[in-house]
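Before we start, here is the structure in question, set down as structure tokens.
Which chain is which? They are A, B, C, D, E, F, G and H, in the order written, and residues in each are numbered from 1.
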Amino acid sequence: MKLKVNAEEIQVSAATLAALCRELGYPEQGVATAVNGEFVPRQQRDNQPLRDGDAVEILAPMQGG
Amino acid sequence: MKLKVNAEEIQVSAATLAALCRELGYPEQGVATAVNGEFVPRQQRDNQPLRDGDAVEILAPMQGG
Amino acid sequence: MKLKVNAEEIQVSAATLAALCRELGYPEQGVATAVNGEFVPRQQRDNQPLRDGDAVEILAPMQGG
Amino acid sequence: MKLKVNAEEIQVSAATLAALCRELGYPEQGVATAVNGEFVPRQQRDNQPLRDGDAVEILAPMQGG
Amino acid sequence: MLNVYDTVLNSRLFLGTAQYPSPEQLRAAVERSQAEVVTVSLRREAAGEGSGQRFWQLIQSLGVRVLPNTAGCHTVQEAVTTAHMAREVFATRWVKLEVIGDDATLQPDVFGLVEAARILSEDGFQVFPYTTEDLVVAERLLAAGCRVLMPWGAPIGTGRGLNNVYGLRQLRAHFPEIPLVVDAGIGSPSHAAQALELGYDAVLLNTAVSKAGDPPAMAEAFAQAVNAGRLAYEAGLMEAHDLAAPSTPEFGTPFSPWSGHA
Amino acid sequence: MLNVYDTVLNSRLFLGTAQYPSPEQLRAAVERSQAEVVTVSLRREAAGEGSGQRFWQLIQSLGVRVLPNTAGCHTVQEAVTTAHMAREVFATRWVKLEVIGDDATLQPDVFGLVEAARILSEDGFQVFPYTTEDLVVAERLLAAGCRVLMPWGAPIGTGRGLNNVYGLRQLRAHFPEIPLVVDAGIGSPSHAAQALELGYDAVLLNTAVSKAGDPPAMAEAFAQAVNAGRLAYEAGLMEAHDLAAPSTPEFGTPFSPWSGHA
Amino acid sequence: MLNVYDTVLNSRLFLGTAQYPSPEQLRAAVERSQAEVVTVSLRREAAGEGSGQRFWQLIQSLGVRVLPNTAGCHTVQEAVTTAHMAREVFATRWVKLEVIGDDATLQPDVFGLVEAARILSEDGFQVFPYTTEDLVVAERLLAAGCRVLMPWGAPIGTGRGLNNVYGLRQLRAHFPEIPLVVDAGIGSPSHAAQALELGYDAVLLNTAVSKAGDPPAMAEAFAQAVNAGRLAYEAGLMEAHDLAAPSTPEFGTPFSPWSGHA
Amino acid sequence: MLNVYDTVLNSRLFLGTAQYPSPEQLRAAVERSQAEVVTVSLRREAAGEGSGQRFWQLIQSLGVRVLPNTAGCHTVQEAVTTAHMAREVFATRWVKLEVIGDDATLQPDVFGLVEAARILSEDGFQVFPYTTEDLVVAERLLAAGCRVLMPWGAPIGTGRGLNNVYGLRQLRAHFPEIPLVVDAGIGSPSHAAQALELGYDAVLLNTAVSKAGDPPAMAEAFAQAVNAGRLAYEAGLMEAHDLAAPSTPEFGTPFSPWSGHA
């Protein structure tokens, strides 16, 4: 299945957001996720199915002003 | 019937806006009218019934910045 | 003899500046003196004769900006 | 004889300022002259002797702010 | 020449008509200002009083365009209704749209302003919105149908001039093609000239003229200042420098030790 | 009208003649500026070159008064000698006295200035001293015989405008009767208008015109701005306020809950 | 002491964490600034990179509160989603709400800002809106649930200081009870002190510290300036005058012709 | 650290002693200001009154250096005589030299100032001249023997701050090695911080503290502001820009269409 993860087109097998994070090697803690512009809380990543073409954001803490 | 004309409570007999303007001695031309905050064009004053408590504005040209 | 002391006309008998300071009750220390616009050091007050009409300044410390 | 004319060292034969101006080809009118920093009026140029090493200024009108 | 809503104007000075010592002074001020656009308003009037009519006849005799305002309106509804009433009485589609959001500063309520501008533009009005220097608000006003913007220089009647030159520069740079009129806050001809030098297309003012010692003379002064500012803008202003530079040529300076010519 | 050394002038703009792209541009700029006084200088010239003569003939053909300067002089002696040379060549007692004290800012050496002003005034010159806004220096210059003062707005050629408005206000207030000309630093017509609005009698400028994209047009812009500023000063400017005040009458405002007429 | 959303703060300086030469410099700057609140953000990160975690651990070790921002968001939707993501990662209800309306000035889109503030407040966020000095926008933000306002001093990163002091004064006067923080544009400690002297409750800055030659030292300078400004505000500043007044007593002046004592 | 006439000072704040509500307030203000130098004067006093002695004992108990002034002197002779009298009473070679040239602005008479500075320097005084921002006057004062300069920020007692920032910048740039103290006109801590940020070595003020609502608190505020300004100057201030620049990294911005990592 093709997804856009942080604006990069990639091919993945994961069927859920939680699985995607594992597949890509993101830690469960310390990142926040959104699918197609909607926030997905950590505890809902398991229940968050992914569909071909979904746009996923995985964000980490960063310096800010 | 009691009306508010330019924020003054007055007692009038006129049943329409056109009649009110005549009763109060306003010229037909050169003033603009509104009832309860809605503009009433000159040619519709005849057809504009007035009800007890209506708020009527009758405005004339004035200096402006 | 008539002198101007700090712009006040006064009648004194003192013949020297030192005598004047004593006569007026100024302490020897802590004030500075000038006669006719010229500074007179403390130790020279004894030798500073006064003449009728001399303008004497006797100044003390004061707040300043 | 060596002179400084407008800060240039030159060799001239002229004995007076008037002669110098003629020798260098300056018009009589329309320039002003100074020798060693002192103004020399036009009518005195004839009587203004030049000595070796004199500094002569010959100035013309120019744009100014 | 200035083109607003397909109307070509020779004068870049819009003049208010309020607060003059007398109708004669108003007439003389408008004439000497060379203004082609004057602002007017609507107010309540007692029946049979007729001062409004006399004022309106005076204005009509001046051969200028009128720009009716919605001064004093605090809501979209008031502003829209007032605009419609003005269109009927003054027979013009132009409206200087004011939706006041704060009585202390008489500043625009930019939310109400954009909403009213949309409604009126759809109703066929040609809206001159009294706004702030806010770029984003400006974008919204254009999207709402405005084809002219009138940012404030300073609050109405203060005469403080251009309060936020930086902001006004940004606005001008952001909208090179839109007619921009500095409205309100202008206190002196030098303020007006400055606005035009910044590339603003015109200024709208009232108090600085009507409250001057000699309003007609001040009106003429503003006419000259506006022309001066625009002419300078077109002629290309020098840039300011921190370092001094002699205007008189240094080459050939008398008494200098260096030779002064080739 | 402006009266300097018993000469009555209609124009309150003095224009410099340096740094124009061409003699034609200079001519056109002077004409459109309506200036009656232009500044000139003396410089070394190679024999037979004649450019000085051609310049001088151009100036003479313009029918304006010349105000020769002592630009570039750093000492009293240089300034005094240059003034004498200028008086002979330009046939005028007027001199714009510059004694430069610092090459970075081209600012006046006020000590040398006062001394040179005294010498030249005693020699029958009518001195226009290029000075600072310093009140006390101004007193000395008047005591030295000057009857006009020319404080700087900003350093020569910077175009920064009026660097110290407060100081210039004080100077104007202190010498209500003395002709005061802002000389140097003016960069735009709004600066010139501001100077006149402050009550200054005239401005002298050069770079802002000669370095403009279109010098003759800019010259006209300054002419208008100077007229605007003076007219406004005479007409009586409104005072600036911190608080907004409506120009359109509040009395009779539509939709207000209060009755709008007596 | 400053109270924002029922949190009491001793420090009136909020510090940004971006653009420091190194993590050590960031740590030292935060420590010397005595800031109790620092801003942070969320960004995309490659899996396994971990720089975000290291940064977050550094911040957690500093014992300060974090104020996550929504920098770079241009729509309500982006800002709202980013705020939710930040709440989860940073475990705080606080959010510095930025909805950028123009990339040249990075100015707020006040329409999107108010809308996002309403949505987030209803969702239980405690919103610190990055806004302009616009009074009416401020009213809307408060109505939307904000209990702090953060007007800009000047555009982000310009270091221009307080661009519109007049507007900021009006805002302060209009909301005497609301905590007001000047956010963005502060370039030097004197700017920060000025903001506090005007009665602003705090300042938020980043670039002026992180881009200083010595960020930790500059951080300390700002800490002192903010304390100075607040202390002065509470101590009651003198009013500025146009006329000079001697500080040293005139009474008893030596050499004066008048008697110096009773 | 600041070195004036071979005296090393830790504090860059010089404080005046006049116009305090009470001696206790004066004492507390000097203590909290951390000033190491305070200004004093001489005045006529009635015999036996002794208030001068009490004041002098108070000052001596504070363990600070005194800088006697010649306030109120209008001539070289008055200033020189007053300086000699002060040297005897206060037992110091230091003198803050004031030669007032105009009673409206209390501005220096730069001619008298230079002359008095020369006479006093030759007499062994260490002169702190109260002067203007005039570069050329500054050169003369140094030539007369001064090794410190004290240009005004604004006229005494106005609290207007730095009236001519441009001029003060030029002065600082022109004399990188000379201790420069802004004396007079400072009205708020932000003014003081600004002076130090410009590279001035210290500030001297009085009214802003003594006329504050709470003089000791204001004194402390100035102490902090002066430290902040100096620390910032040494730490290297960012430069102001016209264009905005994001502080939060743009790289990796959420929801942007561009990939956020390598």
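Here is the rule we use: a contact is a pair of C-beta atoms (placed from the backbone, for glycine too) under 8 Å apart; a residue touches a chain by one contact, two chains touch by 3 or more.
Since the structure is predicted, the reported quantities are computational estimates derived from the model, not experimental observations.
Trainee: Among all the other chains, which ones are in touch with both subunit C and subunit G?
Mentor: A chain counts here if it touches both subunit C and subunit G, which gives H.
Trainee: Looking only at C-beta pairs that count as contacts, which pair of chains has more of them, B-E or B-F?
Mentor: B-E
Trainee: Quick one: report the Å distance separating subunit D from subunit F, using the average Cα coordinate of each chain.
Mentor: Inter-chain centre distance comes to 33 Å.
Trainee: Would you kindly tell me how far, in whole Å, the mean C-alpha position of subunit H lies from that of subunit A?
Mentor: Inter-chain centre distance comes to 61 Å.
Trainee: Using mean CA coordinates as chain centres, what's the gap between subunit F and subunit H in Å?
Mentor: 34
Trainee: Counting in whole Å, what is the centre-to-centre distance of subunit B and subunit G, each centre being its mean C-alpha position?
Mentor: Comparing mean C-alpha positions, subunit G is 53 Å from subunit B.
Trainee: List, in ascending order, every residue of subunit G touching at least 2 other chains.
Mentor: In subunit G, residues 16, 18-19, 39, 41-45, 69, 71, 78, 81-82, 85, 104-105, 107, 156, 160, 166, 206-207, 242, 246-249, 252, 254-256, 260-261 touch at least two other chains, as defined above.
Trainee: Would you please write down the residue numbers of subunit A that are in contact with two or more other chains?
Mentor: 6-7, 34, 37, 57, 59, 62-65
Trainee: Help me check something: in the complex, which residues belonging to subunit D touch subunit F?
Mentor: Result: residues 6-7, 24-27, 30-34, 37-39, 41-42, 57-65 of subunit D touch subunit F.
Trainee: Under the definition above, what is the set of subunit F residues touching subunit E in their complex?
Mentor: 16, 18-19, 39, 41-46, 49, 69, 71-73, 78, 81-82, 85, 104-107, 155-161, 187-191, 193-194, 197, 206-208, 210-215, 217-218, 220-225, 227-229, 231-232, 234-256, 260-262
Trainee: Under the stated contact criterion, what part of subunit E meets subunit G in this complex?
Mentor: Checking each residue of subunit E against subunit G gives 101-102, 104-105, 107-111, 114, 132, 134-137, 139-140, 154, 160, 163-164, 166-167, 170, 173-174.
Trainee: How about subunit G: which of its residues touch subunit C in the complex?
Mentor: My answer: residues 246-249, 252, 254-261.
Trainee: Quick check on the complex: what are the subunit C residues that touch subunit G?
Mentor: 6-8, 34, 37, 57, 59, 62-65
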